[in-house]
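Next up, some structures in structure tokens.
Two complexes, one shared chain (subunit A), two partners (subunit B, subunit C).
Presenting the complex of A and B:
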């Protein structure tokens, strides 16, 4: 080659730049990263112990309202615990539940989807049957029933949500795999002697990954909401641990006198779920058009 | 001459399910086809779409299993060969260069794939062999680490050819390898096939519906019609005097460039089988 010696490689920078132009993606990623940072640095950021009670200053309003105190920026709850500190520590629960559920359900759902989509025939009928069984169960009701039987804890909550909400992964991955398994590059790998797991992992997975990522963010938002709902109903995280859903539940009794007890954690849940959804939508947009595929 | 590929009375019918309890409809795709390919030969299978030629190719590649009949490769029944042993004997080049290479892998990775599956070769040697082939099939080295969406259809087909050659197979099964390309690129790819045949001592089973392509590359021709091989013979003899009525129809369906006049006799470019640039 004359003159043109520059190596043509995949322009990953181009993809990053395209991402930075997508407002929803940037906003979602920024908020999520910020929340993760807050959760990790909770002991440093929280001004007080989230569990320390002080009944003499119970139900203080936030600092900017009348009667608020600057050392309790978001006020205190009915036991006099600092609300900002509880909010900061509560982000840990939401994120742990969100990420763990997403991982567990992602592994179960994708595996089922890959198997059903790749092998087809009777295997696929069986996988579809399992998916249909799952879809015919009302998810949150089953979660409620199981947790009220087993008893609520962080671990059971993650397991129950993870073992329940894999249906979307399975449905989407199965369809996407069906579309790819007949591609000639899969046949070429088969002629080269590759085993089915090898083909699924090396040839099909890279082509389905963007679907999985998008569902993962949506499922994470779902899991965060489910945790809040279950905790609100008193079946999730046990009492003293700060969780946003639990904070709303405890603030409910004072809803009319001290509405901030409900809307502060409410807004926190809203923002985190919105950010994950924005991130998911952004990922979907960014993974779509990219020359010819 | 050794018989590299021997297809004996192979039949395959596709089953179409009509209902849960009714018996399936049988749609015969290949009916009792027999064909052999000697080492170093180029045998073309021609026929219209739906004549079963691709199904035949898929059976040779073991992507489909024949209902009856046997396929022997290098004297051994194809079904008795282990997957790796088989891969070192037979490799495919497919029709659609857009579906035949994985869009999410770099060209370097795509070419190395069969070698990685076969195993037993160090990563460095893998890459070295891929680089050699990359150049040999006429791709500029600066594209080595690019993705398929950055190159053209003809270049994609060259990548697919390099991938098929990395295991140094004896037989290449080419299923319409040029029909998705435009005419000038077709000629280049055909020329590449001819050069590689010399360099690597290859044998081709060449599926095509394009008689012009077949005339340029094939030593022998087999005509398929409705799943049966209705005529086979040396290329020259076939073009001079086809015997089966369908072959005659097939040949007469090629339009002459000037209406009313006969087809021009194409000087067969590949009589120049000397290595590139060595002789005038």
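Presenting the complex of A and C:
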């Protein structure tokens, strides 16, 4: 094969890869938007009240299985609550926790990253030190311990996760800022007498925004998983609020007889997190011309 | 090299100290430990008395200072419930958790390294796509859900594996696989991207053009550079696995330090929780320090950069 052939093949491969990544991006965005729509329209879409108990129809299987009923498409749980309705309302918890955590940790982490990356020297050493301390603390364990002491609620969950999981933002924004802090347009602004906060906000932030967006999606996926894990362990969203992690914890008692109680919310978490990650990977590849990593 | 190691050790000790202070403060300021301990039916006087006997009414810094002084001598206090020394309880269970975490890391590396390398050599092959797919799905699977699925399939439907406890080596199979699957995506992605980067370097092309076989180029030339970030990540992952053992041990009812911590968190057994936080942080710090030193030893450029 001549050199030219290799380049052509490589380019074709790269195009195929980027095309598929693009498809992943579109798919991820579509699933995420669909979930948001479901969460917003939950009162219209849910066939039943997610909290209404009816012990006479407890543990009904999904409609397509033997003994299932068409008015309870995904069956009912151990208290006779409609599983589809609980699943629909559960998407609200996952999305609220995902988005809020992403925002809070994004503000904390990006600010630290900007400060460390822009000022360098002693300031940067201090920021690196703070990041190191945070990374040395086991996030999930600290979250478990603090939530158990404060008492589990949606607000506590969001605050604890948001105040803990800012490390990736800080690391990435710091590196990205370092790379452009001596670029011509930044120096020009500095010479023109602009203040550091102004330069960071108007010159640097727009140029690292795509990095922040990528981390934001990955961080959202992580927050959704963490919420599910904490709720599963019984130290997160308190019952009877429908949270997917809590639904798995409650369904676990019936794992052998009624495995669908665990399968259904588990698959829901999997699909939502997968979609969010696909979106993040797509964003990264589309904003990076080499289309790798 | 000695100067490099010394400065790294000093920073690590500082980080450990800060983390212990923050952890201590978090646990004390998040809620009323005495009220948690006394239970819901306790009167105000009972809570106050308990607070006094536990020494929880002293200033926070004084409590921290005496905890630190004891901890430095290896004394992590008594459990509020078991009336046993925290250290004894830990030592009795650390082996189980260490076996879990280390086996999971070994399994994860054994899967990720060859697959990640092969994917890097043949980008866009079916293998490369499989690697990307596995990494993506692995990242989206909650560990506890995977554990329950495995219990229901391998434990109940097929009856191949025991579903709870740690009596025989067979009991470890499912927990180790669940933990490993949690660590594989990051390791595999890093191996693939690191290897791809190294394979594009000039010295690899030179080695290739000298007619050295692909496999030899991979092992002798590329691996040495691609392995650096993998060592660091493995150290980080081992720390994560120790923390992740809380979920896996509670699902599989394995009596390691993860389950001990989970139970202690539930009943407000503060000395045990604080000791576990310290243990995981210290392991993380020591492991990353070791990884830094190994990396500096493998790559002399790193030593100069930080001086």
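The rule is short, and it goes like this: the second predicted complex is superposed on the first by the 268 of 293 C-alpha atoms of A that agree within 3 Å, B and C clash if a C-alpha of one lies under 4 Å from a C-alpha of the other, contacts with A are read in each partner's own complex, and residues count from 1 in each chain.
By our rule, a contact is a pair of C-beta atoms (placed from the backbone, for glycine too) under 8 Å apart; a residue touches a chain by one contact, two chains touch by 3 or more.
Since the model is a prediction, treat every value here as computed from it, not as a measurement.
In the superposition on chain A, contact is made by A:262 with subunit C only, not with subunit B. Within the superposed three-chain model, A:141 lies in touch with subunit C and out of touch with subunit B [touch as defined at top].
With both structures placed on the common chain, the touch criterion links A:151 to subunit C but leaves subunit B unconnected. Contacts of A:193 after superposition: subunit B is touched, whereas subunit C is not reached. In the superposed model, A:203 makes contact with subunit B only, not with subunit C. Touched residues of subunit A were counted for both subunit B and subunit C, and C has more of them. Judged by the touch definition given at the top, the superposed model places A:185 against subunit B, while subunit C stays out of reach. When both complexes are aligned on chain A by C-alpha atoms, subunit A residues 292-293 touch subunit B in the first and subunit C in the second.
The part of subunit A that touches subunit C in the complex is made up of residues 13, 16-17, 129, 132-133, 135-142, 144-146, 148-151, 221, 225, 228-229, 232-235, 245, 248, 252, 255-256, 259, 262-263, 266, 269-271, 273-274, 277-278, 281, 292-293.
Partner subunit A is touched in their complex by these residues of subunit B: 61-63, 82-84, 86-87, 90-92, 94-96, 98-106, 110, 113-114, 117-118, 140-147, 149-150, 160, 163-164, 167. Of all residues in subunit C, those touching subunit A in their complex are 11, 14-16, 18-19, 22-23, 26-27, 30-31, 33, 36, 123-124, 136-137, 139-145, 148-149, 151-152, 156, 189, 193, 196, 236, 239-240, 242-244, 246-247, 250, 261-262, 265-266, 268, 273, 276-277, 280-281, 284-285. The part of subunit A that touches subunit B in the complex is made up of residues 1, 4-10, 183-185, 187-194, 198, 202-203, 206-207, 290-293.
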